[in-house]
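First chain A sits with chain B, and in the next complex the same chain sits with chain C.
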Partner chain A sequence: MTRIPISALVGLVLTGVFFVVAVFGDFFAPYGMAEIVGDVWEPSSSEHWLGTDAIGRDLLSRVIFGGRLTILIATAATILSFTTGSILGFTAATIGGWIDQALSRFVDLIMAIPPLILALVVLSVMPVTPVVLIVVMGLLDSTRVYRLSRAVAVDITVMDYVEVARLRGEGRPWVIFREILPNALSPLVAELGLRFIFAILFISTLSFLGLGVQPPLADWGGIVKENKEGLVYGVAAALVPAIAIAVLAISVNLVADWVLNRTSSLKGSRGA
Partner chain B sequence: MPDNLLEIRDLKIEATVCPPGGRPHDITIVHGVSLKLKKGKVLGLIGESGAGKSTIGLSCMAYGRAGVRITGGEVFLNGRDILKSGAADLRALRGKEVTYVAQSAAAAFNPAKKLMNQVIETTIHHGVANRAAAEKRAVSLFRKLGLPNPETFGERYPHQVSGGQLQRAMTVMALCPEPDLVVFDEPTTALDVTTQIEVLAAIKEAIRDTGVAALYITHDLAVVAQVSDDILVLRHGRMVEFGPVKQTIEDPHEDYTRALVSVRSIVHEEKQPTTEPLLAVESVTARYRGTNFDVLKNVSVELYPGQNLAVVGESGSGKSTLARAITGLLPPSQGEFRFAGRMLSPELKHRAREDLRELQMIYQMADVAMNPRHTVGTIIGRPLEFYFGLKGEGKRQRIQELLDEIEMGKGFIDRYPAELSGGQKQRVCIARALAARPKMIICDEVTSALDPLVADGILKLLLDLQETEGVAYLFITHDLAMVKAIADSIAVMYRGSVVRYGPKSDVLAPPFDDYTDLLLSSVPETELGWLERVLAHRRIESAGN
Partner chain C sequence: MSNPVLILVAQRVALGLLLLLAVSVLIFTGTQLLPGDVAQAILGQSATPQALANIRESLGLNDPAHVRYFRWLSGILQGDLGTALTNGQDIATALSQRLRNTLFLAFWAAAISVPSAILLGLIAARYEGRWPDKLISGATLATISLPEFVVGYIVMFLLAVKFRWFASVSIIHPGMDFLERLNAIILPVIVLVLVVLAHMMRMTRATILNVMQSAYIETAEMKGLRPFTIVLLHAFPNAIAPVVNVVMLNLAYLVVGVVVVEVVFVYPGMGQYLVDHVAKRDLPVVQISGLIFASVYIGLNILADVISIMANPRLRHPK
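Take a look at the complex of A and B:
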């Protein structure tokens, strides 16, 4: 293992903390998510570390459960976008011809429309459940993954070792998963971090606009929305989830930066 | 006036390397090399890759590539130690007293500027001459180096001239500021043989006429024998032998030099064609999609079981395209292939698995022919699994057998390609081809990226394997020395057509057609005076015409 730079270490630890808190939210949260336990916008106290929200729910518990939802949706959407995007991208690159053309132009078409507008349109006619959110976000994001993985794979498919596999008579799955994927992994892993951050920002934006996670459940964007009136009265409740979004985005970014640096200097070496 | 123009004493050079996956560490690349060069003389530096030739060449300008440090010794140029010079001194020295000719002229020229501006840039910059005088000098050098239309040659852009011409333009660039020393770093290696001989002759003449001293770096002993006065043989950054060219070539003292001189000593008895050819290429014509130009024109050749067919030609002659057509990557527009008594489908995707198995291929660049993320075990094991369904212990055993056959040991099975040397990589590729138990292997320039001694080892291995496995080889190559050594029959290709084809003894015996004659006479031989003899012969012929 090579030495991890301090910035990446900080990023790794913080990201780890976020994920642990998200997964074991029940253990950490002092109250339930929708439980009304106090007055409106109580300041922080020993009972409510971060105070209470617009209708008297414990803010800390809400941020913890909200984080769980945010991270769950963002993770699932990222996984979905990477599987669809990379498989389609690799396939387009290996087959080429009109299939490649059709897929690529379709992706161009989707990317020409701002994703937020497109998502708002789709979500306004669909029932807004977490699954629908994941699918919409995942598919929209997969266009970017498609572009990257196709570009990487086009460079790899012209290598002699891919030709060797084709001359051996290997089928497309072997070429894609055993010849191309291991060599395309480094840039994809680096991109994974960045796409995850964008997914978090995206779901938060949607919820803030009211088309994301629906009440009484709430993700971080939703909690900001619920408490934004408080800012006028000097109540900082809306800032807590906002800070959580910022910290998670920055820490994942620190890790992604490190991965990107590491992979670009070690091209063609063992492992990833 | 000091006796020696250049004197290097006990030069030591270190570099920091970052092996893939490992920690960066320091290695010594030149261990105490000393040499002397008199004014007007040419010293040949010869050695395999990694011998430190280029590093020593650059140290004559007190320059080291990124990560390279000169850690000891002295480099005297015109009587002063340039390693102690400051930056301003070095700036005045580089490009004026010492100039450099790189291997790849195509990569060294700026594609956006006309040749003349680039050729005379340093001359003007160093104040050796004003623009008019520099241009005049460049034009006279263009003429001396035999470039076409010397008056207007400088008006062209780099992409408008051929590779050989560009290499000569670079020599003009180096000679223009009237330097004391020119460092030639493999100036002819990237060129075709017939072009190489022209450039070689031009460089030699220019050196003689201008009286400049030169350091000529190459891995090709035959080339160095034609141009140098002295030879310094290097290996792994150490001096092996240093002496006059005649003595070094005719009576080498060291084993390593002897091995270099006697390289290509392979003996292969020419076999006679048997009744039934293994592969028959019948009147094949092919073109790339979207072009209207036939890359292969009516090509017919035959390869007999257990024999070697060599397809020779320069770059662009269509020899690699022939291999692509045979493997099915480029379906021909006309003609057909018969293989082991069956018709081969023109398209790869319609070929039977048996056809694919029996027809294997080895590539020129072994490092891109192997997936960098697969271990040697996976690379060799996959064909076993794919064609024969071998798994587990049986597969491992067979891989071990194959590794033994290519003279590599047990330890290699879990290594990655990046952890192998160039020769070892090519051996693994051979093992991968053999794993399929093929009847025929296409060898596409398999030795041209390798050092001569390593290449020799690979060829010997291929021939030994032919004895035990009975496999036939189709060699695609531009290396005529190799063809002479190993072929049973030869096809000479020129611009997509086979211009001469037959058993080796016939093809290599006169009377020759014009192209074969040109090709054969252009292959450098490690014999003093060869260049002059060939050139004289050609002058007589052209006078006769």
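Take a look at the complex of A and C:
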């Protein structure tokens, strides 16, 4: 068991807290998500720890439920982008030829457009529901996972043990899942955290622009949007979900940094 | 055409134009072929079949997709961007003022962030591993973890609401003179600078440190030159190509940042225009704006490559 640096430990604990609160939100939230329980933008009190929002809902409850939605969508999008991206990337690397060329050039094309702009273009014709958001975000982001996993797999496919498996007569699924995947796992895991942060920031930005989660549901970005007018009057309600986004993203980043360092030092020691 | 620089540059530009063409196909087909009906989107769910048929006819939606694509593309090439569905306005007229506003904002953000990022990157490289360096690493972590709108509201809350130094929204109109305009965009410029600065600094630092490993740096050190002179006169000129690349990539990133920051500060630019019309499902406007954003992004990437080709002395002086 190697020692975990303090920063990674802090990140790990905070990330864990966020996930626990997201999963058991009903238990922690003092009020309902859409329950109107007070006046507009009440300051914090013993009843409402963070005060109330733009139409008198308890802000703490709303941020908890919003966090659940943010984390749920981001997690689902990350899982989608990883499965799609890595399977396509491994397939392209093992098959090669024109399939590899076609997939790779298509990914180049998608990545030539900023993801936010492409998402906006797509969302202008699609109905904006959580499922559509997950699919759009997941597929757009899978391009990055594709590039990484293809690059890693290209190095692995030339290894002797892959050759042996092929000569033994194993099929392509075996080669991909039993030979390539286990050896490509550590760089992919390191990338996982970064993609998750990207998904969190992406869904928050879309919702903030009014093109993500639609009211009465709201994720963190949506809660910022709902309360942004208050800022001009000195009501900091909009900053609460904003800070939640920042803290979650920084925590995951601290963990991802540590994983990245570990996996890359592993590689370095083997190469040296 | 024996000059290798010219050939490489021409190749890169041609490739970029090809990419741009492919992007226009992608944006067009993306909005045309995805499930979702334009006519339905305009008229809403309660539209009668007759009304739907009429609007399809008037928009030319009954023609095959490739005919519509070439009509759209040739229109753009002739400067005819079509009309907005929601208000029937000519898109080119509405866009030109907004594009100018956005470029004004992006120009100042770039003009401030690029020199300061390079300077701070040089400082960080000079004091590698000491506190100025660590401060920069910390700041980078913070800014890559914050979405642009969060930075925007924190800056707005502190500078406009708490200290009341600046106005919280950036209203800009044609009658304003240069200084008034500049004053109006201070906050969005600060936010955009914060968003790209840390990343640019860190990458500059990394490329400089990379060059600092070279033997001629050791020679310079042994000549007894001052550390900052070495960084500035010996390391930096050889790091120009990668630094320019970093700068361009970050400027391309500004393209996205600008969309969000304009919405935060209610600034009448391209980003706000795009977001508004996505919500209204106004396809012609979304397609054109998307294409413009993508072209700027691709253009900056081409420029980055061209500059690094030209900055490479091995290509500049062919044997």
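To be clear about the criterion, the second predicted complex is superposed on the first by the 266 of 272 C-alpha atoms of A that agree within 3 Å, B and C clash if a C-alpha of one lies under 4 Å from a C-alpha of the other, contacts with A are read in each partner's own complex, and residues count from 1 in each chain.
One rule holds for everything that comes next: a contact is a pair of C-beta atoms (placed from the backbone, for glycine too) under 8 Å apart; a residue touches a chain by one contact, two chains touch by 3 or more.
Quick caveat, the model's predicted, so the values are computed rather than measured.
Superposition of the two complexes onto chain A shows chain B and chain C fitting side by side, with no clash.
With both structures placed on the common chain, the touch criterion links A:Leu116 to chain C but leaves chain B unconnected. In the superposition on chain A, A:Lys228 contacts chain C only, with no contact to chain B. Using the contact criterion defined above for the overlaid structures, shared-chain residue A:Ala218 touches neither chain B nor chain C, since it reaches no partner. Touch criterion not met for A:Ala237: it reaches neither chain B nor chain C.
Shared-chain residue A:Ile73: touches no atom of chain B or chain C.
Figure note: vertex chain A, arms to chain B and chain C, all at CA centres after fitting on chain A; angle 90 degrees, rounded to a multiple of 10. When the shared chain is aligned, chain C comes close enough to touch A:Ile197, but chain B does not.
In the superposition on chain A, contact of A:Ile176 is made with neither chain B nor chain C. Looking at the superposition, the partner that touches the larger set of chain A residues, chain B or chain C, turns out to be C. With the two structures overlaid on their shared chain A, chain B and chain C come no closer than 11 Å at the level of C-alpha atoms.
Counting contacts as defined above, no chain A residue meets chain B in one complex and chain C in the other. The touching residues of chain B, when paired with chain A in their complex, are 18, 20-21, 23, 327-329, 348, 351, 353, 356, 360-361, 363, 365, 368-374, 382-383, 386-387, 416, 418, 432, 436.
Chain contact summary for the complex, chain A toward chain C: residues 108-110, 112-118, 120-127, 197, 201, 204-205, 208-211, 221, 224, 228, 231-234, 236, 238-239, 242-243, 245-246, 249-250, 253-254, 257. On chain A, the positions that touch chain B within their shared complex are 2, 159-161, 163-164, 166-170, 178-179, 182-183, 265-266, 268-271.
Residue ranges on chain C touching chain A, taken from their complex, read 19, 22-23, 26-27, 30-31, 34-36, 38, 41, 141-142, 144-150, 153-154, 156-157, 160-162, 168, 252-253, 255-256, 259-260, 263-264, 274-275, 277-279, 281-283, 286-287, 290, 293-294, 297-298, 301.
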